[in-house]
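Okay, so chain A shows up in both of these, paired with chain B first and chain C after.
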Partner chain A sequence: MKRLTINKQILQDELSVELIGCIDEDSDFKELAGLGQETISFDFDKISMINSCGIREWIKFIDLLPARCNIVYKNCPQIIIEQINMVHGFFREGSVIESFYAPYYCDKCGKEAKVHLKSDTVKNRKAPKSDCPNCGNENIEFDAIEGQYFSFLGKI
Partner chain B sequence: MNNHVAVYTESDSIFEQLKVALDSSELILHLNPTWDDYKEEHLVISDLLSFEDRIDQFSLVNKSLLYVISPLPDEENMRLIERHELRHLVGQNEQIFGLEIADHLKKQFASRLWGLNPYMDETATIKIVSLSDSKFTNEMIQENLSHFDFKDYFSSPIEYLQVMANELVSNSLYKGPNRKRAEQGLEGFDRKSPVFLKGADLVQITLGMDGKGIALSVQDSFGGLAYDILISSLKRSFEEKTVMEKKDGAGLGLYLTFLHSNQFIVNFRENFRTEVICIIDKNKRYKNYKQRIRSFHFFQEVTGEKTNNK
Partner chain C sequence: MSEFTSFDHLFDAVLVVNLKREIVYFNHHASIFFKMPPRILKQKTSLTQICDSVDIDIEEWLSKALLSFDVLISPEIRLTIPHETDLDYYVVLKLIPVQTDKSANFAVVFHDLTVEKKLHLKYRDQMEELKKTHGQILQADKLTTLGELTATISHEINNPLTIAAGNSEIISDILDLPNIESRLSVLKNANQTVTESLERVNQIIKNMRDFLHQSEDEKEYCDLDALVDAAIEWAQPGAKKANVHIKKQSRVRSVALANRIKLEQVIINLVKNSIDAIAQHSKDVPAEVLINLSKSDLDHQTIIDVVDNGPGLADEIKKNLFKPFQSTKGSGTGTGLGLSICQKIIESHRGRLEHVDSQSGCHFRIRLPLIEVYSYARNDRALMGTKHKKKILVLDDEVQILNVLNTFIHNEGMVFIGSSTPLDSLNFIEKANIDLIITDFSMPEMNGSEFAAKARAMGYEGPILYMTSSKNIDQYNKDKSTLNITGVIVKPFNKDDVMKTLRLALAPGEAV
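And then the complex of A and B:
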């Protein structure tokens, strides 16, 4: 399993960080400490696994970021959304979850789809409409418990 | 233990489902027998309402022979398990709970505690891996998972099985040896340090898939996960939902493993062996997987008791 790779790009006042691989006990976020950007955005799209020690390393790291720093979570896969919902501290209060993936199911082609959603398209914890990316079937069914899956939105 | 089973429920449907599930067994079910007829060696199955109605009587029952069927959500079920020291809490999932209880009763009657056999049929595909160090555990798990066909499943079981195996293997590799080192006054290993087990100590991972589901078993030769330790860890995690600053783990591994399983089963013999079995039902829908009420089972083998080691 691929160890965590951190790619960073500084864009004026924003530090854009892409996380790739597995967040575990060996993940080291030290290289991101001490950078002075007002906003740090984390792209979780290519995270393949996170274990309990990885969750701890992550929480320790974001706890050290200055309070004035705006944290943005982007492209959170289902495994990251579940950690945010299940573990206190994974998501720092006041941060923003810009976008994430959610499970949908198409009855027509019998396939599950991970649909990319912007947080502001979810109103009252109701899943927005989506079409099947595999067969084009319209308005496929959200395949999780809405109140549970979108509970992270109450933390924002 | 004899083959008479007392069932306490006011629900005809629950009793019927149990009757159908246990039809091929030699067990004889008695619906709501008078308490005076209850014999110490009987198995007792009760739904939550009857359990709460007879709480004083049930407190006298040998907990390893008591199965409680509950429709409550996981968090409340965990409180129920802790408060009443339950060993068997079965999620009241229609058309599933009867078969699930049947598997466990057959296991209990056959004294066949260890391994996946009680939960898998003869057609199951089984893969076994033995580990004696912490190198490449994730890669080995990943490689073994690649031999299974997940076309009848929602897309995430592989991700969950990887996390569960990772957590359980790490617990076995670190907590077992660290307990021994603590007894000798030595400092424990932290999760960043590589661990090499000595002598006959090893950790065995078994993956099995049949027509009903996929099962993961992680077995070690330390026998450190006693009921009290397990319950206290789960209780803390459910209540606090926070990480802990400990050398040998973050205190959330069992909680995550429990939440990713449909059935969470522990087989335990003190200072000899611990086996954690996680079962995920065959299911194409993630929603059904999440809606299913999780079941919890703890089996303890006592010294001197012989069980079939399959």
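And then the complex of A and C:
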């Protein structure tokens, strides 16, 4: 299994963190402690796996961040969304989920697509309309259970 | 199928099957667990279209289970998902009968134990790995030591071999003489020396072997004065050759619980290092090595200092003094028994070997715990979990007595704490919970009565036994009531004498 790589940069008031690989029991976020800025953003785009132990490590870490800190989550893949829908505390109250991926399916060409969504485009746990990246079908279907998949948005 | 929607609230995958084993419902989590969108999952009619296991035949298990219409739990099985080849789960299947108005069904709950199982496997592997590495480190350490030992073994046995060879020469010379009879005593003497020297060689080799085999150190109560004398004797030939004078100073009579030969070797080695250093360094004042015995009551330690008036150690050498293969000498003079081994030996006595920075010359200090502390600490592990073990303090200035009683008492499963001076004993009584005291009666510092009075004054209430010859029985009779002395072990004694007295004193009234 690929261990977690943490890339980070601090620019002005923001600490940008890119997480790559697996978030599991071996994940250690302490290198991020003490880097606190006004805003911390986490990019989950390259996370390939997350398990319940990893989530525990994550929550432990998030709890340590200063309360005044703005936390922003970007590009959460489906596996992250599925896991965090089951866990309380992954998102700290007041934090922002800027964007995430959601599964869609084109019944015209059979394409399965992970569509990048901005959180503010999801209303009432309903999947926003999307186009097929393959055939241009303008109304592809959401390929999970909406009420469940978007439940994390109610947690913030 | 709204009667099954309550399963959607579970974080376990649930497939509901009818009595024909057809899937009639899957909960929300099933889609996540099997990595199938509901769109695809809907098309699956049987369990085997979704998952498989090498451990059990799922369909067969299901058909058997369905017969009972009871809750059923499978063993932990490994589950594979055919279209997600890199996924495997460890699950326990739970079968729960679900009766609805229309039909009888079963919910198959996939209780996911993958994380636990993988953690378990991972940590087990890591523990194995750790054990292996640990073993390798130990082995590497041994090999380093072995190299060192090989380099030093010749050095160590050189002295006794030289002595043996010399005496053997003397024997040959005498045997060539016409009147052997007149030289018989010299002959016997030489023969004796040869035997002793070879015995010494044998012991050195045996010790080194034991050291490598990590065999349990045989430790005994040793008089340090005598031990230092013996060490000096072994170092003497080399010292004479190098024109170095070895002096001993001892302000205290001290006893150590030690492996005599090993401790001797450490001292011999320190002295030899000094001799070699002085020999290479011409000086106006007579060269000398001083061995000083003292005691630190504050640290509860016996201290052996080996000090010379040579050139001292170069700063370069000081830094790595106790590293393997490090020598206090330049190359070419042989490594001597490495200081790292010396340190290991001293550490195996729960002591410390240190280099003391001094203005002139070289100064090594051996710190050994006082025997009371050491024999107690040695029993520490035995004490844990066996709090009922009786702790017997024996005070005697003769090391042989301590050794004999140590064997008796230890073999009886009691904790033996030896002490050679009344003051150390009193110090120790203050700190530890002693169940019984056996004290010698005639000691240089104070007699048994005085000691017992002091122990009582300190609040020690347990039994006290005198150990003395019959001539002091009168004193016992007086002290019996005034100092509450429980009994006497009369010298000379045997094992039964000691143990019976001891047991009676510990449990008065009980049959022996």
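As a working rule, the second predicted complex is superposed on the first by the 156 of 156 C-alpha atoms of A that agree within 3 Å, B and C clash if a C-alpha of one lies under 4 Å from a C-alpha of the other, contacts with A are read in each partner's own complex, and residues count from 1 in each chain.
The criterion applied here is as follows: a residue touches a chain if its C-beta (ideal position, glycine included) is under 8 Å from a C-beta of that chain, and two chains touch if they have at least 3 such contacts.
Keep in mind the model is a prediction, meaning the values are calculated, not measured.
Quick check on the superposition: with chain A as the shared anchor, is it clash or fit for chain B versus chain C?
clash
Determine, under the contact definition given at the top, whether A:P103 touches first (chain B), second (chain C), both, or neither.
both
On the A-aligned overlay, A:M86 touches which partner chain: chain B = first, chain C = second, or both, or neither?
Once the two structures are laid over each other on A, A:M86 reaches both partners.
Could you look at A:E25 and tell me whether it touches chain B, chain C, both or neither (first, second, both, neither)?
both
Check the residue A:I59 against both partner chains and state whether it touches chain B (first), chain C (second), both, or neither.
first
Identify the partner contact of A:N139: answer first if only chain B is touched, second if only chain C is, both if each is, neither if none is.
neither
Going by the contact rule set out at the top, does A:K114 touch chain B (first), chain C (second), both, or neither?
first
According to the stated criteria, A:Q9 is in contact with first (chain B), second (chain C), both, or neither; which is it?
After superposition on chain A, A:Q9 lies in contact with neither partner.
With both complexes overlaid on chain A, does A:M49 touch chain B (first), chain C (second), both or neither?
Touch status of A:M49: first partner only.
Of chain B and chain C, which one touches more of chain A's residues?
It is B that touches the greater number of chain A residues.
Taking the two structures together, which residues of chain A meet both chain B and chain C?
The overlap between the chain B and chain C interfaces on chain A comprises residues 25, 51-53, 86, 103, 105, 112, 143-145, 148.
Please name which positions on chain A make contact with chain C in the complex.
So the residues of chain A in touch with chain C come to 25, 51-53, 82, 86, 103, 105, 112, 141, 143-145, 148.
In the complex of these two chains, what residues of chain A are touching chain B?
1, 22, 24-26, 48-53, 55-56, 59, 78-79, 86-89, 103, 105, 110, 112, 114, 142-145, 148
State the interface residues of chain C toward chain A in the complex, per the touch definition above.
Per the stated touch rule, the residues are 8, 11, 28, 31-32, 37-39, 114-115, 119.
Which residues of chain B touch chain A in their complex?
138-139, 142, 154-156, 159, 162-163, 166-167, 170, 191-192, 240-245, 249-253, 255-256, 259, 284-287, 290-291
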